[in-house]
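Working notes, beginning with the structure itself.
Chain nomenclature is as follows: A, B, C and D, assigned in order of appearance, with residue numbering initiated at 1 for each chain independently.
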Amino acid sequence: MTVIVLAVTQCLFLMIAAPALVGYVRWLKARLQGRRGAGMFQPYRDLRKTLAKGMVIADTASWIFHMAPCVVVASTVAAAALVPVISANQAGDQLGDLFALMALLILGTIFLALGGLDPGTAFGGMGSSREMTVAALTEPTLAIAILSLALTAGSTSLGTITNTLLTTPSNAIGPGHALAFAAFLIAMLAETGRLPVDNPATHLELTMIHEAMILEYSGPYLALLEWAAALKLTLLLTLAANLFVPWGMATSDGAGALAVGLAAVLAKIAVLATLLAVLETRVAKLRLFRVPELLAMSFTLALLAATSSFFTR
Amino acid sequence: MDATFSRLTMTGASAMLLLALVVMWRHHVPAYVTAFRMQSVALAFVGAVVAWLGDVPELFLVAALILGLKGWIVPRILAGMEARRPGERELHPLVNTEMSLLISGGLAVAAYEISRPLAAVVSLPTRGGLPIALALILVSLFIVVSRRRVIAQIVGFLMLENGIALLALLGAYGVPLVVELGVFLDVLLGVLVMQALVPGIEEISAG
Amino acid sequence: MSETALAIALAAFAAGSVSAMAWPSGPGARRVSLASAFVGCVAALALGIDVLQSGISWTWRSGALLQPLGGVSLRVDPLAAFFVSIVGLTGAPASIYALGYLRELDGGVRGRAVHALFNVFLAGMCLVPLADNVATFLFAWEVMALSSYLLVVSDPKQEGAPAAGLWYLVMTHAGFLALLAGFVILAQDGPLEFPAMRAAAGALTPAAQGIVVLLMLAAFGSKAGLVPVHVWLPRAHPAAPSHVSALMSAAMVKLGVYGTIRVLFDLMPPLSPWWGGALLACGVVTALTGVLYSVAEVHLKRVLAYSTVENIGLIFVGPGFALLMRGYGNVVLAAMGLVVALFHTLNHAVFKSLLFLAAGAVVHGARTSSLEAMGGLIKRMPHTAVLCLVGVLALAAVPPLNGFTSEWLTFQLLVAGARYTAPALAIMLPLALAAVALVAGLAAVSAVRLFGIAFLALPRTDGARDAHEAPATMRAAMLLPALACLILGLVPTLALTQLTAVVTELGLPMGQLDTGLALVLPLVGSQLWPVAIAALLAGAGLVAAAVSRTSRGYPVRIDTAWNCGRIAQSPRSEYTAAAFAEPLKRVFTGFYQPTHEVTVDVHPVSPYFVRGITLRSDFAPWMEQTLYVPLVRAARWISNQTGRLHTGSIHLYLALLPAALLALLLIARWIR
Amino acid sequence: MDAVLVVALLAPPLVGAALALLVRRAPQAAAWFNAVTMPVSAAAAAAIALRLAAGGAPVIVGNAWRLDALSALLALLVSVVATLAVWLGPGLDRRGETPGAEIRLHRIYANLFACTMLVAVSTSNLGVMWVAIEATTVTSALLIPVRRTKAALDASWKYLFIGSVGIALAFAGTVLAFVDYATTGGDLELALNWTTLRTAAPSLHPEVAQLAFVFLLVGFGTKAGLAPTHTWLPDAHSEAPAPLSAMMSGVLLAVALYAVARWKAIIDVAIGSAFTDTLLLVVGVATIVVGSASLLSQTQYKRVLAYSSIEHMGLACFGLALGRPGVFAALLHLTGHALAKSTAFLLSGRIYDRYRSGEIGTASGLLGTVPATAVLFAATVFALAGLPPFSLFLSEILIVQAAWRAGHAALTALVLVLILLAFASLVTHLQRVLFGEAGRDVSRGEPASVPLALLALPVALLAWIGVTLPEPLRMLLTHAAEVVRP
């Protein structure tokens, strides 16, 4: 019972914290770029505002257009349910593993792309095409990164991976772990549409990917999509933190351990978010057709990670 | 007795081969027909010799048939075909005379080689002519292949038949009579059918 | 019970083919023959399920039929039963579908012929897995091939159909001859009966074994669509009527999988693991090739056909992996490899038949088969759209549909393999995993493109604008596989427990599977609970829908889409199927080898007044160019050379007589 | 009883020819009489075949006629195909398109032709067999140029002359064997009788026997369309009128191959089968090569059928060299080929009548113009291509199996490749004929349905044989194979 409560709590935590993370990154980027920037909680206000607004729906759209935001939200929430946040004893392991998480994210991407195609505008199609391309090319990297984790942990379940690493920290020593971490981070940038793959802040028509798809959305739908995007970023950052650097996570149900776990995860996410903000200030967006090069690099890193874990085993 | 037998058949067979070789350097169709007629006569002669000295009386009938059919009727049909045909009588063989003769010589040698086992088996006094019969078969084949005019080819074919008949006569004193008669019928019918087709064919090959 | 079912099935197919030709009225012929086909399919399915559940196998022999080759011999075992049930499972909806789909052919003989051949085709497919000797197998195999060929060319006026038929028939016959050679070698000097061959196969020399495996893989691979012997598939499947395409993709190509498993795991002695490696590599290459073409193709049914190639590649990963693992001594993983392959066979059969049926409805309704001419069909064909979406999502391997479950199992398989075996595979299995992941990703692209371009946005042509919804029979027929997609996705253990029995029968015990709702596999450290994921998805989705509905403060306004300042939205500004795939075409330039041809039409007054620009972009079919065109050219060359022998010169002909005589005399002397 | 059977077998064609020759005024009546009596011959052949299939004694009439299982099989094929050809020959159509003289000519020669073939297979004397086979050339050659076109005349001449020269070599071979026998001191009058020769065979001189067989193989091989002396065949078979092509391609080739098999059986007793097998393998494979490789570049459908005959004769010849299973397969193959090829040629006549062209390019769109003919034609071509349910499917498999079991791995592979090549070529041509657009001046619809129903019979028979090889036929084939390979 406590396991389930814990799982629900963790999931809710991610759902609630997501806008704050986005706000933090935006704020930090603004500071780094020499602007004052909106506060960390501005996204909540944005969400409240857009949720309360009316909607303009393209006359060419079908029910897919209405369905897409809901499915995107649903798939992201389902993915979030699998992620261990505070405790390493993960109830989500019953539901599925990293591959299931990957597939859930793809489900969201697919509906996002369908929603982009539905009104029949050129931008929607363009965004969908690019988003799907990037998503497809990211898959192998993620799979290999998962493999290299699974090779040491003996499982692709998230809880098991974190647990194994917590009990035998020596697994993390060596090139494999670091390489896989790097590969995962790059893949994550592509998955969440961050620089240098996609610029979340842009509305410059020809470079958009994610924003192009949701161009026709307004009101509550837009809010849902924005929130789902934030959740996706948060859950992937949490995932990166907890899969590769699980230390600090609670291994028991005690209140103290949980408190430590919470603090640890907040700290880790904060560090990663800071890194993200720094990165996004430092690099420029890549041309679309150079994205595969980046992904190829991360793929190579992941492959090296997987094979090196064969030899260090 | 056997020596005479052997010598007579050898003479007849050699004459037949010689006649086949003779046509190689003849350039006129009538000469071909004449050569065939003479060859058939020689065959009939060999047949008669075998019938007489080999003591196979029904071969007299065969010899007579050869004389009548191949020595008289068929040559007449051939001559008639040639006479009805307009245009030049000159032959232009695909292979020139010198080469033809050389090749025929080679074929004769090959025939000796091929017929060695045959000569070793057959104990009849006539066996000496067997290589000649085979040579005749091969040379006739060569005539068939290398002559351009249809009638010359037919003559070659008939000489081939003669060669086979010679082989049968010398090797086993002739095949059974019923077969022999069938062969004659076939030859006659064959020549008749050829005669029906030749004008059209000559036209095609001329045009 | 299952004997009766088989008798019923065969009798029904026979009745169906006879009544199709003999029934007095056209509509009656259609109804009666398709009803017979349906009955036959249900009986086949009953047979399969019965044997799978009871595990009772039986044999039946007849010396009277095909006597010179050893008579007809049938045997049903769980493996055969599984494939028979796939035929029944996909044949039944296809029969219902054809009721509505082929109504317009009622007038002529062509319709009757199609119905008759459809029944023959089904009978052939049912008999292939049941064959227990070479005679029966080859006969059924060729009946299946010939009837499907005739169905492919049943509409010869259709563009490309005769050429497709020719490719198909020649390649399938090449496969048949390879099969014949393989069986003959495998049988050695014994009878051509499977039991005898099984017993004697151990005596084969390794070289002979290698040849047999190569021949069998060439034959079954070409039927299944393995690269590089897949080239007939993307041609033939689109040319056939859609219910036949569905069956070809869902059931017929699977019999190539059946043959591979039957021969490699049942008839032949244990093989070197390297064959497994080769098969695995072949499967991966096939999957990549298939998915890359499926993502770029604009002909709707060809997209699906290439996707079949892709899935066949994924399926062949299983047997390859199983051979590999059996070679390394891990029987459980080997068994798992086969189970996963069979499970994906089932899943693909279900969702691909759904998709082909939907494609048929679309082509029927919109009177075009090019994606570029469709668009907006979701409004004109709402039910077909929903059903197609189910198939598309299964194709994209996303939860909670069945495509995802087998995808997940394939991943687990490769991960488990990488964990449990020698470092010799350190590169191979991770690469295979990466490739499978890439295939999954690209399949998702293809799925989105297929559905998005065909059904969403504005209609691009008049045909698409005036499209009509499919008749009720067709929609009902599509509903069945759609439900199956969902059920197999939610409760995979339903099928998987049966499949472990199938594989155990092949000498690869995998152990008892948990029959619960969650999927727990031996040697795999993680589990999947599809029902729970589905519930979570549904719950979250409903909440999101409720939120979006209740929170808004103003009414919804319907207006034209923002189109970069253009006022009137026209289909011309929509993204096309070709454009959608453009980024991938750029990324994989080396694979596609695209050709671009730009023509600019300028005004005669000045080159600066451009009247129009035309871009023709295509990709070179380099596999055909490098592998098949030289073969065809060689055949033509040989034919021309032998044609030279026939100059018409009687002298040459006559010269051949003495030449033959002397040559044979020489040979005679040489023999002596 | 035996005499009655033989008379019933041989008389109908002979009477038919005589009647056509004598009844100058009413050729159509003669044709009808012919059509009615011809089945008697087929029935007699069937009766003989049934008796032999049941293991009965050979049908023997004096020293002249002797039909064992091998003969009975061939007699059955010849009489059935001849009946079919007679039924579909000119003179029976109501419209009376064919001139009377042509009907008469056709009836005379076609009947004589059938008669000579029947004599060839039912005589006990190998010399008479030769005479009869030689006579087939004479009787059929005149019918080829019945329409007097240049190409037909040329084809007829080549057929006649090459055939005659070739068959003369077979006579040389017969004489050589006879000479060989004569040296053993046996009874010369019955020397060429099959039973005598076979009994005496062990004492034959090996090298002479070999020499004789080479001549016989080249000679009869010329008539059987074996490479490299098959050259006359494509012209003759494609230029002949359809019923004649059907007989020539369907059974004449088989009869010539029968002669080869007969002689092979004797020579094998003399010197063992290795020698003849090797020669037949060489010639057979060469023939398959020529036949299947030439198919692709053909542009006329009758020539395609003709080259396919060459390929099938090659396969049968190949099969004869593969021991008793191979001989069984070869004979089954000849059976299937006789039915399929004769039907295909008869159908090609219908196609020609409609399109007035032998070109594949012109005669296309068959499915649209004459659908039923098209379907039957496709069925026969599929049968010839070795697809089930037709019996050539069985025999091809059996030949391949026999070849592999005889230890000819490389040749088996080569033959498989060639079968594929032939298959691909046949199907390519078939598709062009079936599909495609017919010219605008070509009328649509089937002319008359009765002959078509007749042509469906052999196709059904082929399928029946292919699926359930009837027990009598199987026994007949088995016994016939035992004649060739005891």
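In this text, a residue touches a chain if its C-beta (ideal position, glycine included) is under 8 Å from a C-beta of that chain, and two chains touch if they have at least 3 such contacts.
In this text, all values refer to a predicted model and were calculated from it rather than measured experimentally.
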item: Most centrally placed chain - per-chain CA mean versus overall CA mean; value: C
item: Pair exhibiting more inter-chain C-beta contacts, B-D or C-D; value: C-D
item: Rounded Å distance, subunit B centre to subunit D centre (Cα mean); value: 31
item: Geometric centre distance via CA averages, subunit B-subunit A, whole Å; value: 101
item: Gap in Å, rounded to a whole number, between the CA centres of subunit D and subunit A; value: 78
item: Subunit C-subunit D separation of Cα centroids, rounded to whole Å; value: 43
item: Touching two or more other chains - residues of subunit D; value: 154, 157, 161, 165, 169, 207, 211
item: Two or more partner chains touched - positions in subunit B; value: 114, 141, 144, 153
item: Inter-chain touch pairs (all); value: A-C, B-C, B-D, C-D
item: Residue ranges of subunit D touching subunit C (in the complex, touch as defined); value: 154, 157-158, 161-162, 165-166, 169, 207, 210-211, 213-215, 217-218, 221-222, 228-229, 231-232, 234-235, 274-275, 278-279, 282-283, 289-290, 293-297, 328-329, 332, 367, 371, 382, 385, 387-389, 393-394, 397-398, 400-401, 404-405, 412-413, 416, 419-421, 423-425, 427-428, 431, 434-436, 467-469, 471, 474
item: Parts of subunit C lying in touch with subunit D, wherever the complex brings them together; value: 64-69, 109, 135, 138-139, 142-143, 146, 153, 156, 162, 165-166, 169-170, 173-174, 177-178, 180-181, 184-185, 189, 192, 635-636, 638-643, 645-646, 648, 650, 652-654, 656-657, 659-661, 664-665, 667-668, 671-672
item: Subunit C to subunit B touching residues, read off their complex; value: 651, 654-655, 657-658, 661-662, 665
item: Of subunit A, residues touching subunit C in the complex; value: 51-64, 69-71, 73-75, 77-78, 81, 93-100, 103-104, 106-107, 109-110, 113-114, 117-126, 128-130, 132-133, 135-144, 146-147, 150-151, 153-157, 160, 205, 215-216, 219-221, 223-224, 288-289, 292, 299, 302-303, 306-307, 310-311
item: Subunit D residues within the subunit B interface of the complex; value: 125, 127-128, 130-132, 134-135, 137-138, 141-142, 145, 148, 150, 153-154, 156-157, 160-161, 164-165, 168-169, 171-172, 174-176, 178-183, 188-192, 205, 207-208, 211
